[in-house]
Amino acid sequence: MRRVPLLVTFLSGAAIASLFFIPHHKAQAVNSKLLEWTLVVYAFALILGSLSLWMSHAKKVKKRAEGWPYSMVTLVALLAIPGLGIWKGVGAGSPVGMIYDTVNAPLASSMFALLAFVIASAAFRAFRARSAEATLLLLTAIIMMIGRVSIGELISANLPGITEWLLDVPNLAAKRAIAIGVGLGAVSTALKIILGIERSYLGRS
Amino acid sequence: MLRSAPVDQALETRWFDPARLNVLIGILLFTAFLVVNILRAKANGALYVRPIAGLKALDEAIGRATEMGRPVLYVPGLSDMSEVGTFAAITILYRLAQRVAEMGCEIEVPCYDPVVATVIDGAARDAYSKAGRPDAFRPGCVHYVSAQQFAYVAAVNGFMLRERPAANVYMGSFYAESLLLAETGNTTGAIQIAGTDKVTQLPFFVCACDYTLLGEELFAASAYLGKEPVQLATIIAQDWAKALAAAAIVAALLLGALGHPQLAAWLRIA
Amino acid sequence: MGWVEKLLSIDRRIIFLLVGAGVIVPLLLPVNLPVTVTPRVQAAYDAIDALPPGSRVLISMDYEPEIMAELMPMSIAVLRHCFRKHIQVVAMTLYPAGTGLGEHALDVASRAEGAVRNRDFVWLGYKSGFQVVMIGIGENLRGMYPVDFYGTPLDSIPMMRGVNTYAQLSMMINLSGSSAADYWIQFAQGRYHAPIVLGCTAVMATDYYPYLSSRQVLGLIGGMKGAAEYERLIDVFGDGRRGMDAQSLVHLIVVLLVVVGNAALFATRGGPGAPAARPGEAPPR
């Protein structure tokens, strides 16, 4: 029985890899169908996720663990929001739409906005001239930060050009080198999985 | 005027796209390198792979967590099972969970994707069994949190600030949340080890973490930690492929400079 | 603890306050700093500008509220440019929460340029599944979207007559804050050879430079700076240009903090001769 998942992985991996080389309309129709199946499988996965979330928080509430009222809020939301969605729909102006617009969207935007603050504190701590390489990094960072915004042009008309060169030449060269390594690593991992060399994701026992 | 090529899928009757012959040859060569190195590993046993500082530090991190009686937090990235980075994160977790089980400390794995959570749960249970400590596995230590990027970040950051894990390990595919997670971890004083295949996020991890696995090191990590000859052989095959890619780039450049751009054109992926 | 040590271990909340002030003050008291146009944004503008009136483009606005500050200004600017050039727009989103945002961008741009729904643009709304939708459009747009967002059958919309695959669209414009951009390049460009112009967040932008040099992407608008450049090219003063003052000041504050931090470091360690970190050595926590 343990060979069945390996066989499924091998066959589906080999089939999808082959479809990349076959432009025939029938093969591409199969490709589209496989992609649709992925969507269906993921829809079921959401049920799994919801169950996992429910069990994790229900346990906290049952044990009255620290912070259990927050778990209670999660459980109520987990039931109420899908319920409201089924009852009143999810379009603009519906209760779910309003919850999304007035609670979810502002909270998510605020979290993203925090990035500006943590980037500043991380830069303050990380950009220290401790070695020759670190000094080079520091100087490049300063040129980039100044040269990429309007104030850079006021300081020196050459700064935007220097930043463009930094982005186009050293940055792109390093990125491409890392990207080639990542690409080969990804191919290697994919082959290991398709050929059954790497099986830890199956939970081997 | 710019215009789409008149491609009509319904009329396509070819069973092979010759423009993709280069990719096919590349994959066949890579597979050949893999087979040759696996045979070499089986014949010779040990293969040398250069040490990776971030992976050596994993043991230190688990030891620290055990001494302090605090958990290890493992964040397996924010992608689904269609990303190879997620597979790398799962295979690394498998090795890490074995060490955690052996050392007798706690691990916490909050997941962004429900399928990933299920797969990791199975892998972690198996890792504990393999370490001879199936009873030590705490059900619920691998759990789904939210498939919304910043809701997930809020939950993980909250865990860091409340539970103060001794070690935070970030492995897999990360996006805009990378610095938010790593900076919060930094404020708690945890030892932090990160690895991602997302090149854009690497500078953020380098700034905020103690050790960072750069790109391909993420994919090599599982083989490195497992030390199994067949796994190590895949890293060497990867290096051979990289050498071939570098040689092809240099050759294409030289030939192009000499007025023969055919190789450069052939290497282009259609 | 001396002042230098205090400076080195400054409470991060002070840094947060400085950054907060750096954002708020220029928004309240704008100075309208000049904006230089970079070649990548110029290329995006030129590619769209070269389309003749009556051309049809597909615009996918694939982002959610958290990154709207970066992507909404460029969406409005690109849409305004299209409407001004009488280019018909087929607009859509691959994110459920992008529906309201896309609709808002179309509303603002169409009001500003006098464009009319179903004559100058169509709003298809949200459809789930990146690859499925992209391949679906390549094969049969009506199979994916039999009706528009408001329930009007596509066959009864005049500007959609004869449009059913990428082949009938002059260009695909993706304004994205996620891996959706990779998929558009892979499918719309790679498989169906649709010319692509890309807009993305500033952090993502450098990921797509290789596609520019290989001409798989014709132009790239990166972040709020890119939006500000595009606004300058179409001669409007929108949120992109308004945000440039704040972005400039915050960058300046970060640079000053870094300079001060390093000055303090030299003061404690006695200058550049101070012992350097060994390669692989972990930075202090």
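To keep things simple, chains are lettered A, B and C as they appear, and every chain counts its residues starting from 1.
Basically, contacts are C-beta pairs under 8 Å (C-beta built on N, C-alpha and C of every residue); 3 or more make two chains touch, one makes a residue touch a chain.
Being a predicted model, the structure only gives us computed values, none of them experimental.
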item	value
B-C or A-C - the one linked by more C-beta pairs in contact	A-C
Chain with minimal offset from the mean of all protein Cα atoms	A
Most distant chain from subunit B by Cα centroid	C
Distance from subunit B to subunit A - Cα centre to Cα centre, in angstrom	13
Cα-centroid distance, subunit A relative to subunit C, in whole angstrom	18
Euclidean distance of C-alpha centroids - subunit B vs subunit C, Å	28
Contacts with two or more other chains, residues of subunit C listed in rising order	12, 66-67, 139, 206-207, 283
Junction residues of subunit A - those touching two or more other chains	28, 104, 108, 111-112, 119, 121, 123, 125-126, 175, 179
Interface hub residues of subunit B, defined as touching at least two other chains	9-10, 149-150, 176, 186, 199
Partner subunit B, residues of subunit C touching it in the complex	12, 47, 50-52, 55, 66-67, 138-139, 165-171, 178, 190-195, 201, 203-204, 206-207, 214, 218, 280, 282-283, 285
In the complex, subunit A residues that touch subunit B	17, 20-25, 27-28, 38, 41-42, 45-46, 48-50, 52-53, 55-56, 59, 67, 104, 107-108, 111-112, 114-115, 118-119, 121-123, 125-126, 175, 178-182, 184-193, 195, 197-198, 200-205
Residue numbers on subunit C that touch subunit A, as the complex places them	10, 12, 15-16, 18-20, 23, 33-36, 38-39, 64-69, 97, 99-100, 128-129, 131-132, 135-136, 139, 206-207, 209-210, 213, 225, 228, 244-245, 247-255, 257-259, 261-262, 265-266, 272, 274, 276-277, 283
Residues of subunit A defined as touching subunit C within the complex	28, 31-32, 35-36, 39, 92, 100-101, 104-106, 108-109, 111-113, 116-117, 119-121, 123-132, 134, 138, 141-142, 145-146, 148-154, 160, 164, 167-168, 171-172, 175-176, 179
Sites on subunit B touched by subunit C in the complex	1-10, 53, 57, 149-150, 175-176, 186-187, 189, 191, 199-200, 210-211, 268, 270
